[in-house]
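Can you read through this structure? Questions will come right after.
Chains: A, B, C and D, in written order; residue numbering restarts at 1 for each.
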């Protein structure tokens, strides 16, 4: 993939966040990473979405040093960098303040796996991080946000669990590409909404069994997958 | 009805699910059954709705064996087949992950008949299935989903109760035709939403009396119905 | 006002219910009453809104006997007739199954006057009827719905309280005209929504004081009103 | 800024309230204040938004005396005047009955600072006023609404807390300009929605730490701000 194609895919993912109703005003940002070229393309800070062009995206190296672009990158760039470093297999990161996922992040609770809609995409509860400490906030705050996320994933596979809730803040999502990361952000919001309804209908609602969870997750992911059309293995949706 | 007409009606029902906001991405599927011809027409798996044409639908026999179509059928086909076998009078099946009905399915609770909006379409609580067992999940999962639904209907009339909530999963709806099944899916979502609001306003809200429930159900169904225009007995709505 | 003008106003009010999102499919109906001519114009039963024309409306006398129209009137006609008889000053009646107002009706609770938005239109709690008895349901059900509403208003002024929640059913609204009745139906739904949020934030939320309630109600209604422009006393809104 | 420019900005802010879904019918009003010219421009009372032109706005002095305009000003004008007097640094005031903020006002509770979305705009809990007393309601009600707000801000900085919830009524917002006030009204509604979800997920949800709150507030406000593009210090959004 050329850098030009990466810029276009990152721009498109940012616009997808708007189309799916996941961002208000200029909240939210998406980046893509080309590991072979050691480049990250990320949304500039505070620029309205309807004016964004591929050329406005900021290009950095894998340490977050700007190598191309006239605008300041998103202030959350260091979090994106920390995630690309911590999670080898990912090629895109998306941050939103989407309503239901943010409410769960504000509650400090994990989102339980209440149903198969959830299990089709996330293999277990969607984790909340611990609360960040004052010293982590005072300096290198955005970088530390990434390390606190990585700490939470010590025993989790980021490809089977492509989202996190930063406590008191909002979600970060990721995927093999920025397109997939944006798709996961849309699915997360829907799951967060359904889980919200579930716990307010029934405070002691139970997570589904491991058997049902893994059946659904593996029906769509990995070598035994049998969902979608065989010619289109990358198919993200279901039916 | 010709097979061509069945294809068109099934396609239209799938699109109605999208228009009514009952599906996100490619979630959900609708099928129609022509019992005289022993044919089922069903949506292919994982194909975006806006690209679907009548020719993309997969045609199977009443055992679910493909007799026409180049694409894989929806992975939920065996559930549809099991429902057509279990419920003689039905000609259409719809599966969605619509938000409120899915939340009720995730709670594991039946939806009580809290009002006349509900009673106009469903004669009693909308039932939840029991939780599926590991062995039912591990093999023939989609078929077993159908048999667990049928088990729940042992003492229920599927034509007076054209929907079910599969615990930890989502709703299935049906009807005399796929058009009616899709209409029931839209009504179910509205009822599930109202019932959600009702139990969160008042946790001990009561179901309406049998007298009121049957008055409304029978005002619209069966020989004593007096709703709608006499020239249009198939009228689905009310006013 | 001519009968032609009444037909047009009633049609417009029915369409306003659709535009405001208060009806799903063909749920709901509006009627207007010309007391001088002793005529009621009401929506026909089960006809989709987008096909309605003024000529489709059914004209009845004040006993509900059809005097003009080829279609069956709304099955709720007897409730409308009962309300026109019970409440002298009203010229329009609207029935919807709007989501939040219906949920309150299903809960069996009155909607408390939690704020000035409510007090601008309704001088006190919006009342719920008692549950209807089996004998009231079995025969003359729609007429009895109206008499149970009238019973609930024994000590209430219908012009200061232009709405009711029929327990286990849904709201009826009214006003000096059908236009005003439809406006009240839209306001009711908004109030019901806000009241829903209020009680789920805080189960023991208190109604506002009588002083505040009457200040707002009388700022807009009656001889001391000072809201809106003096040239436009009929102004329904506020700002 | 000319008076003509003020009229246009105030009109635009009023229309922004409609576009953001913060007002129903003619509910709500916005005003702007030019302190150098000692003039306030405010929406007229009860005029539908889609007919408003700059010439319809009412111009008053800083005591609320009309100096130009044919229409009655918004009945809430005295509240606006009281706020411009109490809070030196503000140039715009917005009043809405937006759904979630109004529900919080009806609950009588402050909105806790549950997350960074909130802290980016409001440095702490969004305060509710005390309940107004009968004598404050009976005469000079709208003026007293303003003084009760000012009383609540005795130990608060109105520029770090540009919103209030009037108990049993609805929010007022403000800012350096009416554009900023309208933006704050939109953000407030979103925060109120997220806070609503947070407390209904978890009744004992905790506010974020002062360290995190101030980090986010000061990242966007004051001399140490590093959010947005340096050439565009007035940028209101984030990303």
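For this structure, a couple of remarks:
What we mean here is this: a contact is a pair of C-beta atoms (placed from the backbone, for glycine too) under 8 Å apart; a residue touches a chain by one contact, two chains touch by 3 or more.
Nothing here was measured: the structure is a model prediction, and the numbers come from that model.
Separation of chain B from chain D in touch steps, taking the shortest path, is 2.
Centroid distances from chain C, each centroid being the mean of CA atoms, peak for A. Bringing chain A onto chain B by least-squares fit of CA atoms involves turning it by 90°, to the nearest 5.
Homomeric contact chain C/chain D is classed as different-residue, with under half of its interface positions used by both copies. A separation of 33 Å divides the Cα centre of chain A from that of chain D.
Taking each chain's centre as the mean of its C-alpha atoms, chain A lies 47 Å from chain C. Those residues of chain D in touch with two or more other chains are numbered 200.
The chain pairs satisfying the stated touch condition come to A-B, A-D, B-C, C-D. Chain D makes touch with chain C in their complex at residues 24-29, 43-48, 71-72, 74-75, 97, 99-100, 102-109, 131-132, 134, 137-138, 141, 168-170, 196, 199-200.
The part of chain C that touches chain D in the complex is made up of residues 114-117, 183, 186-187, 190, 193-195, 197-198, 200-202, 205-206, 208-209, 211-212, 215, 219, 226-230, 232, 235-239.
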